[in-house]
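Shared between the two complexes below is subunit A, which has subunit B as its partner in the first and subunit C in the second.
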Partner chain A sequence: MEKVFSEAKKAFMTGNETAAWAALAAGAEVMFGYPITPQNEIMHYWTRMAPKYDRGFLQTEDEISAGFTVCGSVQSGKKAFTATAGPGNVLMQEPFGMAEGMRLPLLAIIQQRGGPSSGTVVYSQQEVTLTTFGGNGEGHRIVYSTATHQEIYDYIIKGFNTAWTYRFPTFILGDGYQAKMREPLELYSPEDKGIKMVEPYPLIGLPGHIGEDREPKHLCNIYSLEEELYEVVMKISAEYEAISPELTEYQERECDDAEIIIVSHGVVSRAADDAVTALRAQGLKVGCFRPITLRPFPAQELKNCIQKSGAKKLLIAESAYGQLFRLVRQEIYGETVPMETLFMPGVGIIDYDIMSKIKSML
Partner chain B sequence: MSLIKIALAGEGGQGVQSVAEIIAEAAYEAGKQTIYIPNFGLEQRGGVSIAFIQVSDRRIGAPKFNKADVVIALSERAVGRTAEYSDKNTLFVYDCGFAVPPEDFPKEAKKIIAIPAIDTANNELHPRVFNIIIMGAVIGLTNVVTFEAAKAALEHKLGYKFEKDPKLRELNFKAMEIGKKLGEESLSKEGVC
Partner chain C sequence: MAMLEPVHPLTPKSWYLPSKPHKFCPGCGHGIVLKALGENIDELGIQDKTIFGCDIGCSLLAWNFFACDSTQTHHGRTTPVMVGIKRSRPELITVGYMGDGGGYSIGSQHLLNAAVRNEKVTLILVNNTNYGMTGGQMAPTTLPGQKTETSPYGRDPEQTGYPTKGPEFIAQLTPDSAYVARATVSKYNQLKRFIRNALRNQIEGNGFSFVEVLSTCPTNWRTNAQQTWRFLEDEMEPYFPVGELKSPFGKGDK
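For the complex of A and B:
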């Protein structure tokens, strides 16, 4: 496949444009999608660039179809992806569940908008529960929550490799702000950074006669017997748990002696980071912890952070009403550190909001 | 340079977002950390269009802000719509020609400044370069980018049009220069109407 960038290149662009370039650089062969704000421009840029690089695109009749078409495409060995938001993410839960059950290397970019329902077309962090544990399965997904355009680029490239290495549906969880804002980043071809892209391969229609040359491939999404399904789900669960330690990613700052640790993810973690800088300058012992993977969650790492600091309190800050909070609470079960919350569903959080909250906690 | 936060607001079609994009690109080309985000909610469809720009030497945090260093309201109703972004450190700029109800002005501002941008565009230049005068004013008020960097960004954005009609280039650069002067003068005077 043709190299997209002959050398690394600085750029100033929107997150959606970044996402399209990243998919292109990662060697994605086809996108299936259905328009919804604020992710539309991923499709727009992809359709503009795809013909030049001999890549494909199909706009399906809705999001359910877009998700299932990705499920079909990856089975035939195509590196395929989709992008959606809000109600589109709701509709895609059925195909995402199929990808969990059949272990399909599906990649989806989610640009969160306000909810419930059509909510706003703008911004939120209200698709955390849906993206991590949506569908009628067990949340066997890998979810990267990005905070910058560089991360959108880096994690889409990484996400394709994660999907094709582990065969769990993989999500790049952004939001409307990241989708629409412009900021600087570096575009590059993965091989120039020493990143080897995992080659896609067909999961069905393999060579050789079944029973003679090879065993049959059973990619099932429905089972006749309860016991059969039980075994499958237990096997998937065990494999997911086994790979979790190598997949979890997080960032922490100034946690060693922190009396209060701010826990936030995605674009809000930028405000938390600024708040820590400002509060430290005022002599307040505040640190921050950011899960990059929301699934699997860096639970042990957060527990370590709480234990080594002896933090008196956690502050969970999110542009949702408790979706990250619930995730944190279940993941660090057993920790007794009191938690306070800053819930601002559907609106942005800036350093000032976090600093005011922290001061009210002292 | 410490962080500079600018909010530009006006009606759809006034070129608010284009100007914001050019300023942001100029800052980016000058090696600054820059974030530009438009408001793009349903309110934008028939509402006031706002551009949020932040420029700094350091990594910038959240994409939006509560209070701006400079607010420029390019229509009468944009004044009321953007008053919330003004506090005691804010330069709040609007056009001399607006009939603004007193209650629409921000409660707090470092300075509320009226400049004759629309009048200058209509009478001295061309109505279509109104937004470029405003862009010049932003530079005059904030020094967020150098005049040369802004010219280069403008050339980058509109170069294909300038090639067809070199007079356009002249007109735009002149508009930016006049705007810059209006911005600078308004800092020392109580408005330049």
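For the complex of A and C:
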């Protein structure tokens, strides 16, 4: 496949444009999508570039179809992806469930918008529960929550490799702010950074004569017996748990002696980072922890952070009403550190919001 | 006393024998449809490149029927999965297999839009006028007055509308390069010919190919053999006319 960037180059662009370039550079072969704000420009840029790079696109009749066409495409061995948001993410839970059940290397970019219902087209972090544990399954998914345009670029490239290495549906969880604002970043071809892209391979439509060279391949997602399904889910669970340690990613800062640790993810973690800088300058012992993977969650790493610092409190800050909070509580079960919360559902959080909250906690 | 040699029924080469005998109820029409499909796969020499996609419903029982690569999908979602495969690997022959509920009800917008886009897939929809797998509920194709589990006093068109005539609406939505037909398990040679045309149309890269097949469901109809055949021939076939509604291969077979 043709190299998209002969050398790394600086750019100043929106997150949606970044996402389209990243998918192109990662060697994505086809996108299936349906319009919904705030992810539309991923399709807009993709459809402009795709014919020049011999890549495919189909605008489907709805998000259900977009998700299932991706399922079919990856089954046939193509590096396919989709992008959606809000109510579209709700509709895609059905095909995401098929990808979980059949271990399909599906990649979806989610640009969160306000909810519930049609909510707003602007911004939120309210699709955390849906993206991590949506569907009628067990949340066997890999979810990267990005914070910058550079991360959108880096994690889409990484996400395709994650999906095709481990064959769990993989999500790049952004939001409306990241989708729409412009930011500087570096665009590059993965091989120039020493990143080897995992080659896709077919699960059906295999080479060889059936009955002579090979048996037919019958892919299955429904079982007659309780015990059959049990075996399948237990096997998937065991594999998911086995790979979790090598997949979890996080960032922490100034936690060694922190009396308060701010826990946040995605774009809010930038406000937390700024708040730590400002509060430290004022002599306050505040640190921050950011899960980059929401699934699998860096639970042990957060526990270590709490234990080594002897933090007196955690502050969970999110643009949702407790979706990260619930995730954190279940993941660090057993820790007794008191938690306070800053819930601003569907609304942006800036450093000032966090600093004010921290000062009220002292 | 002479030794009797066991007699093996002739089966298409493309049938997957470890999954035989098949799992359909006695008197069900699915086996006839799948025999016609299997013989066509053999005669067209497409076994190695056929992808067979199964909807949820009784059609699912065919998931390992063929010695072809296959995938299960979700209820109503076979059409987009087949579209995703075909668009990604145009050299493959994608055959989506579904019931009237999967195609005309829960999957109707996929069917409609795939037809409008003239997707180069072949879809076979088995119409037995009810939801068989879930226990005989009313389907989009249930005939007026027909009793089902959710129309126990007979389907009332005032309340639930008239049966969906799939090939008729699909014929209206598709360009001339599409193939649209309705067959019946009571006319095997014609059924086999229509399925052959629907496969050929995809092989030649012409466009969307759709065959509805009128079929039988004695289990849920609660009919004996004679009543079953009578319902198919005397009730269903007059309501759902059999024939080719659109064919790039010359004048339609009425």
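Operating definition for what follows: the second predicted complex is superposed on the first by the 351 of 362 C-alpha atoms of A that agree within 3 Å, B and C clash if a C-alpha of one lies under 4 Å from a C-alpha of the other, contacts with A are read in each partner's own complex, and residues count from 1 in each chain.
Following the convention adopted for this analysis, a contact is a pair of C-beta atoms (placed from the backbone, for glycine too) under 8 Å apart; a residue touches a chain by one contact, two chains touch by 3 or more.
Just so it is clear, the structure is predicted and the values come from calculations on it, not from any experiment.
Touch criterion met: A:206 reaches subunit C, while subunit B stays clear of it. In the superposition on chain A, A:64 makes contact with subunit C only, not with subunit B. Of the two partner chains, neither subunit B nor subunit C is touched by A:258. Residue contacts after overlaying the shared chain place A:350 against subunit B, while subunit C stays out of touching range. Of the two partner chains placed by superposition, only subunit B is touched by A:181; subunit C is not. Touched residues of subunit A, counted separately for subunit B and subunit C, are more numerous for C.
In the overlay built on the shared chain, the residue A:38 is in contact with subunit B alone; subunit C does not reach it.
Residue contacts after overlaying the shared chain place A:77 against subunit C, while subunit B stays out of touching range. When both complexes are aligned on chain A by C-alpha atoms, no subunit A residue touches subunit B in the first and subunit C in the second.
Subunit B contributes residues 21, 24-25, 28-29, 33-42, 60-66 to its touches with subunit A in the complex.
Subunit A contributes residues 29-30, 32, 56, 58, 60-62, 64-66, 68-73, 75-78, 80, 94-95, 97-98, 102, 202, 204-206, 208-211, 215-222 to its touches with subunit C in the complex. Partner subunit A is touched in their complex by these residues of subunit C: 13, 16, 47-49, 51, 53, 56, 60, 63-64, 66-74, 77, 79-89, 92, 109-110, 112-113. Of all the residues in subunit A, the ones that touch subunit B in their complex are 12, 37-38, 120-122, 176-178, 180-184, 267-268, 270-271, 273-274, 348-352.
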